[in-house]
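After this come two complexes, each holding chain A, first together with chain B and then together with chain C.
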Partner chain A sequence: MRPLVQTLRALLAHWRRHPVQLAAWVVGLMLATALWSGVQALNTQARESYDRAAGLFAGAAQPMLVAREGETLTDDVFATLRQAGWPVSPLLEGRVRVGEQALTLVGIDPVTLPAEAAAASAVDQTGFELAAFLTRPGLTLAGPDTLQQLGVEPGAELRLASGALLPPLAVASTVPPGTLLVDVGLAQQLLQRPSELSRLLVADDPRWQTQALPEDLAERLYWQHGQSEDDLTRLTDSFHLNLTALGLLAFVVGLFIVNGATGLAFEQRSSLLRTLRACGVSGRQVVLALLFEVLLLALVAGLLGLLLGYGLAALLLPDVAASLQGLYGARVAGALQLEPRWWLAGLGMSLCGALLAAVGSLWQAARLPVLGLARREAWRAHQQRGVMLLALLGGGLWLLALGLFMAGSGLVVAFAGLAALLLGAALCLPGLLSVAVGIGQRLARGPVAEWFWAEARQQVSALSLALMALLLALAANIGVGSMVDSFRLTFTGWLDQRLAAEVYMNAEDAEQAEQMVEWLVGQPEIEAILPTGHLISRYADEPLELNGIRVHDTYRDHWPVQQQLADGWDRVGTGQAAMISEQMARRFDLAPGDSLTLGLAATPWLLQVAGIYADYGNPRAQMVVDLDALMARAEGPLRQGFSLRLHPDAAPQLVERARRDLGLEGTAVIDQASVRNFSEQVFERTFVATGALNTLTLGVAGVALLTSLLTLTQSRLPQLAPLWAQGLSRRHLAWLEWLRTLCLAGFTILLAVPLGLLLAWCLVAIINVEAFGWRLPLYLFPEQWLRLIGLAALTTVLATAWPLWRLGRQSPATWSKVFAHEQ
Partner chain B sequence: MLEIYQVSKSFPTPQGPLAVLQSISLNLAAGNTLALTGESGSGKSTLLHLVAGLDSVDAGTVRVGGETVTGRADADRARLRRTTIGLVFQQFNLLPSLTVGANLAFQARLCGRHEPAHLADLTRRLGLDGLLDRYPEQLSGGQQQRVAIGRTLAARPQLILADEPTGNLDEATGDAVLDLFLDEVRASGAALLMVTHSERLAARLGHQHHLSQGRLESRS
Partner chain C sequence: MNNRIWLSVCLLLLAACSDGPDRTSAPAQQGFAGLGLAADAFATVERGGELAFPQDHAAHPEFRIEWWYVTANLEDREGRQYGMQWTLFRQALTPDGGLGHWQDGQVWMAHVGLTAAAEHWHAERFGRSGGGQAGVTTEPDYRVWLDDWSLQSVTAPGSPERGDPLEHIRVQAGTDNLAFDLVLQTDQPLVLHGEDGFSLKSERGQASWYYSQPFYQVNGTLVLGDGAERNVHGTGWLDREWSSQPLAPEQTGWDWFSLQLPDNERLMLFRLREQDNPDSYFAGTHIRSDGSTRPLAPQEIRMQPLETTRVAGRQVPTVWHLEVPVINLDIEARPLNPNAWMDTSIPYWEGPIEFSGSHSGHGYLEMTGY
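Here is the complex of A and B:
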């Protein structure tokens, strides 16, 4: 035990002498942990919110009975079924306003609630007071984030905009964000919908689902199986996978720093280690002490990184939440709430990362010969071999990437291919740099130039890790930047086509739709009314958006069709054909002319694919069919709407009048400009997190470069001092050192551009198709590359200037020590 | 060739300034050799560094070949080292990234006095013929020191400063290298100021000075 402690003390003393190196180590791991755990925090937060939404509420897996078109569901239906022994439970859902906030009010009956739904609400939790919930004044259950959002404490009584008072609030962490849960009877009062119900939940028991409904009710009700358990999860998975991939990239870049710092510390302490061994410390104890040291430092850096990651996640959460809501309609709580598991996982990741980065040094320490004084003779051959080996490994990874892209399918495989591609490129970097330096060496004239390039060849290996980090970070920036900008360009063009009508109206129900029609025919400025009907159905067990339209020239002229049969729209008009979205075509391998069968009602609906259109940003498959044909076949009511053609200048007044005359609000009536605005906003926010992570990764690469150079310059003196003695001034030498680093970094930056483009192509042509089901055209943005190259160059100049300025400023005494001390 | 006039130098230490050299004066004419002896820590290396302009004096002047070293900018002192002074240290201080051949030619090319014939001649006499394509770390200590000596002599400096050039070698090797070194210096006609611990080696040079308590005394 004592040798271990003494060894550890001797090892740790090193850091006191080299605080910059220690800082590099800690900062590297801290940044790596922060970026990784920040991303994980965002993902966990979002997933946890989905879990709460699944189960009881809208779009749940729970089988349920819903009223058919024109019917309403009432308490007596519930009573009838219940008396007949059906395991049904009533639920009423509506929107309420509290101050400025719009919330969902859900009324349930805890006594009859099926077990699966109860688990997802708070109702099965210990501490749930059934009596208090059921008896007046009752309880309002809400998630902690909802309370926070409203700025109230448990026990508070909320007043709705309608003037009604809610029962006292109680916290239930399983209630989804933005939702209030009360007793169903109370909900009917509060929503002023006496004895009305939205749906009847049925216990998930196959026995009852095959059972025929009582005669009279079968005409009024139909089964709805909702979305399958993990629809939301599946839809959002690709979004999270993208974030995770970026986080992992940042983590790897951070580990490059740790690896560099560990290697250097080992190098500098190798004589200390030998002395320790000579003093009687066993090899095992040395390795154990080193291991202990790594874990100790990793613990500190990991904790700091977790704090930083928490801050980062809190900063990015609003944007991520907004884009998830905009893209998928998923509600994510706006305040970070992390479980202990997150902290433990982050710390574990940090420890594993540190060990991974240190394993090479530990291995060397374990094999360190006690008497191996300055056994460096073979290092040159060794280094050449190493560069070759890395290049071979890199080439192998490229082959692997190629194989994965060609043979594999699925998003995870695509990402694995991308990772292999990037890592392969990074591993080839030292080899490519060696070749470039070799050319410089051949072209060099004069002793200083020759020395310059010869030295550069040596530094390739010393700096290669930092340069790899730079390469990866810059390539990722260029790749993702090109992808985002290509997307933006395509997306805005597509919006122009897709949003051809000037005003859009959406009806809540059939009654409102009738009102709208009445009102619309009285508006003289409207040139055309295009009725639409919307329905979410299923196709091949996946959710499918069905849009019913009446074919009109607006669609013929504007709809973003990519390919179609002759007279495609006329075929749609017959009710025998459909336009399908690109996502759907790719997912189910459908082409124009193919046919498909929809199982909407009892009778299957055979449709021909008349054409394929672009539907960017929509995670679901979508289809456009004839409205009347759809209405005739749909079981439930359609969500009806109207696209209105009129002179664009008249649109704002029409919207305003519609709001006033029909009492519409929100998106019930909206003009083209607002929809476009909203879509573009969702788009921008979606990429805020991506952009931030990217910039941070570039920053981490900068830190990697800085720390490698800081540690490198300390070991540069012995190489430089002889030149000084032979008559080159210190300033001159510092400039040469700087120039050389800039040359190496500059070459790396140039290599990053083609790599970034390759990455962009993979993202657009492979990852996007796998993740979202559509393919983008890739546009090139040279001015964006210039900006990023400039940024990377600036990062490099800043990261290199300081250590080398310090080198130039070191006192002559420090330099001349080289001549008297053992190297 | 070398004039040192009333040079003083002290180093700051935690216990206050340490006066290493106190008003040292010394002259060395072209073609002459001088051995500087003294206890460890007496300031021999310090004096050599001052002469080479690797460090600056607190007071006094140093002139080399008629040019003042003291009080000059770093770049000027560097030029002086490039053109006039040659340094050989106890540590061999070769450039690890260059081959032996490139190391040998380096300083001569730096000051524009590279003569391949002269260098080939030197190489042969120093016994480095078969080693030109190797790298420094592939040589023995004695071989490395011969390269360092060859590098300095190839540039034809007028003043050679050597700090225990054989201190790192065993006695037999050291003597052999020193013999070579002294022969070559005499042949080149340069002035030599050499620091050594050994009275025996010192006796082989033209003049002997001893440094003690910050003062210099002549022994020859």
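Here is the complex of A and C:
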């Protein structure tokens, strides 16, 4: 044990003498951990919210019985089924408003609730208070985040916009955000739907799912497997995968820093290691001591990184939550709540990353010859030979990427291809730089210039990791930036087409829809009323939005149709054809003229694909069909709405009047400008997190370059001192050094542009299609590249200036000491 | 079904009454399963009241607790013995019931058990009467149910005369591992315990309304764990009891016997225990073959455990010496299966017994609070 401790102390002494190197190491791993764990925190938080939403009434598989179109589910049905032995539990759901907040009120019966439903544990959490839940005044259970959002304390009694008073609030952490849980009887009163139920949950027991319903009920009810919330996880997967990919990229870039610092520290300590070995410390003990050292540093850096990551996640969470709500209607708790698992996983990732980054050095240490010559540049020379090997490996990765893109399918494969592409490019970088330097060397005239290029070649490998990081970060920035801007341009144009009507109205239920019609026909300024009906159904076991319309010139003239059969809209009007979204066409490989069958009711509905339209930003497949045909076939009630055509100037007044006369709120009536505004906001917010991560990645690359150079200047002295001795001034030498670094970095930056474009193309043509099901046209934004190149150049100049300025300022005594020390 | 929930339901007894005068009493002082809690605003059982039928076959939501309890000693064609238990408990969460359709404040719990010599099966369910999942109806037919577990009167087609709804009943229940469908019939009258149904449970005055139909002949089928259906016949006993505080606070459990004596006589005996005094209170009813009764005073009954069996980690007395000198009864009772443990959310022992001595025959034993 003693030799190990002594060895560790001797090794650690190195960091005391090189605090900047230590800082580089720690900062590198800290940033890597922070970005990775920050992204994971965001993902975990969002997923946890979905799980709560989906799990409130058991997992994704929770089967339910709901009423068919025109039927109402009532308590009697519940009683009848229970008395026939069916393990059903009643549920009533409705929307309520508390002040400005729209919330979901869910009524349950805790006594029959399937044990697997999270709501059961929500009730359990209140323990003794079950009696209070079941009797007056009752209890309102809500998640802690909902209370926070409402700004109230447990025990508070909320007043609904309808005037009704909710029972006192109690906290139950498994209730999803934005949801209030009360007893079903109370919910019937609060929602003014006496004896009414929304659905019957059926215990997750396969025996009952194959059982036939009692005859008289079979006509009134139908099975619904899984709510739309259950699809959230799948729908939002692509969003989270995007975030994860960016987080991973940042992590890898961070690891480059650690790897560089570890390698350098090893190289600088190689003579120390030899001395230790000569003193009788075994090779195993040396490696063990090095391993301890790495783990110790990784622990410190990992903990710091986790704190930073937590801060980052807390900062980005509101935007991520807003994106998810806007894109998918998914409610994500606005306050960060993390489990110990997150901290452990983050720390584990940090330790593994550090080990991965240090494995090369440890390997070297294990094979270090005791009596070998103390050749400082030994490992670097080895690496020089490795440039060729790296380039070969990089080429191999490119082939792999090509193979994955051509043969594979699925988002994970696409991302793997992208990773292979980026990593391959990074590995080829030293080789490409060597070629470039070789050209420079051939063109060089005069001893100083020749020396300049020869040294540059040697620096390629020393700086290669930092330059790789720069290449990756910059390429990612260009790629993602191009993708986002292309998307923005396309999206705005598409919104113009899609939002053809001046005012949109949405009815809560059939009764309100009737009120709306009555009111609308009395408004003289309205030129056309286009009724719509909306329904979430399923096609090939995936959620499908079914939009019913009555064909009108507005659709013919404005709908963003990409390709269609002749008289496409007229065909839709017959009820035997449909326009389908691009997502749907891609997902199910459908083209105009193809047929598809919807299993809406007992009788299948055969439809011809009349055309395909763009539907950006919608994760679900969507279809436009004839409204009357849809109404005739739908099992459940349609969500009805109206698109109104009128003079755009008259729209705001109409909206105002509708709100007043019909008592409508929020998005129940909205004019085109507001929809557009809202959609654009959602769009912008979606990419806020992406943008922030991107910028941070570039920042990390900057740090990588800075730390590499900081540590490098130390070791450069022996190379420079002879030239100084031959008459070149220190300042001159420092300038040459700076120029050389800038040459290498500049070349890297130039390479990053085509790589970034390639990345953008992959994102638009492969990742987007896989993730969202739509393909975007790729637009080029040269001014954006220039801005990024400028930023990267500035980062480089700043990162290189200080260490080289320090080099120039070092005293002649330091320079001359080089000759005194044994080389 | 959902034990966690019911546990809370049972504990709710504490919560529901926590603002009553007994709030300061320690948790131990609530009798078995909270049955010793003060009656508070609930209706109380008063001496001198009178039961009326068929009205009193229905539920009494103004009282806190009520049960319908059917047990039967059965035998199949091969001569194998079985015990059957079907129980429905009603529990009022609040005395001001009837506030709303769902919120009538009534929670129901049902237990079923089947006992064979070597095995014992049981099941438990919960429900609320609010949504129609459980309850009692008297019209058009008498029916008591929770889900598809039910007790209902059988009216023979074409018979215009309707007797008491309990004269001819059908009792059904089924779960994954047991099922039964039995018809119970008698032409004997109902039997009121204590003073016209007023059944005292302690010297301090805690009491319940208590009547029985102890004369049933039973026919029907059982399905046991092996899935095989067995035709059975035998004798059955129905108990109806309701109260708001049936136990004194310090009473921790009871031992209850229903015995079918020779010559179509019946005997009901129970002993209430306290923590340090197993003989807190005794009561019983001797029922003659014509249905006439002689209530037994506490000092007229002696009940002595002879052997205990370790069941579910507890020592439970399963062999008993019973003496009622006024009717010259001196018997020893043994269980068909000493492991007839009802491992429900409120666990207890309930199973068929045989007895011999001065008299011999079958019966049922229920023991709580062990």
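Keep in mind that, in the parts below, the second predicted complex is superposed on the first by the 737 of 823 C-alpha atoms of A that agree within 3 Å, B and C clash if a C-alpha of one lies under 4 Å from a C-alpha of the other, contacts with A are read in each partner's own complex, and residues count from 1 in each chain.
Operating definition for what follows: contacts are C-beta pairs under 8 Å (C-beta built on N, C-alpha and C of every residue); 3 or more make two chains touch, one makes a residue touch a chain.
These numbers were taken from a predicted model, which means no experiment stands behind them.
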Given the touch rule stated above, what does A:V412 touch, chain B (first), chain C (second), both, or neither?
-> neither
**OP:** Check whether A:A161 is in contact with chain B, with chain C, with both or with neither, and answer first, second, both or neither.
**Re:** neither
Between chain B and chain C, whom does A:R730 touch in the aligned arrangement: first, second, both, or neither?
first
Chain B versus chain C as contact partner of A:C352, first or second or both or neither
neither
- Task: Report for A:R457: first if it touches chain B alone, second if chain C alone, otherwise both or neither.
- Result: first
A:A632 in the overlay: touching chain B, chain C, both, or neither? Say first, second, both or neither.
neither
Chain A contact set shared between chain B and chain C covers none
Seen from chain B, its contact residues with chain A in the complex are 11, 45, 49, 52, 54-56, 74-75, 77-83, 85, 87, 89-91, 93-98, 102, 105-107, 109-111, 135, 137-138, 163
In the complex, chain C touches chain A at residues 1-2, 4-5, 8-9, 11-12, 14-16, 93-94, 96, 99-103, 105, 107, 126-128, 130-133, 145, 147-148, 150, 174
Given the complex, residues on chain A that touch chain B span 374, 376-377, 379-380, 446-448, 450-451, 454-455, 457-458, 718-719, 721-732, 812-813, 815-816, 818-823
The answer for chain A against chain C in the complex is residues 75-76, 78-79, 82-85, 87, 90, 109-115, 120, 123-124, 127-132, 134-136, 138, 183-186, 188-189, 194-195
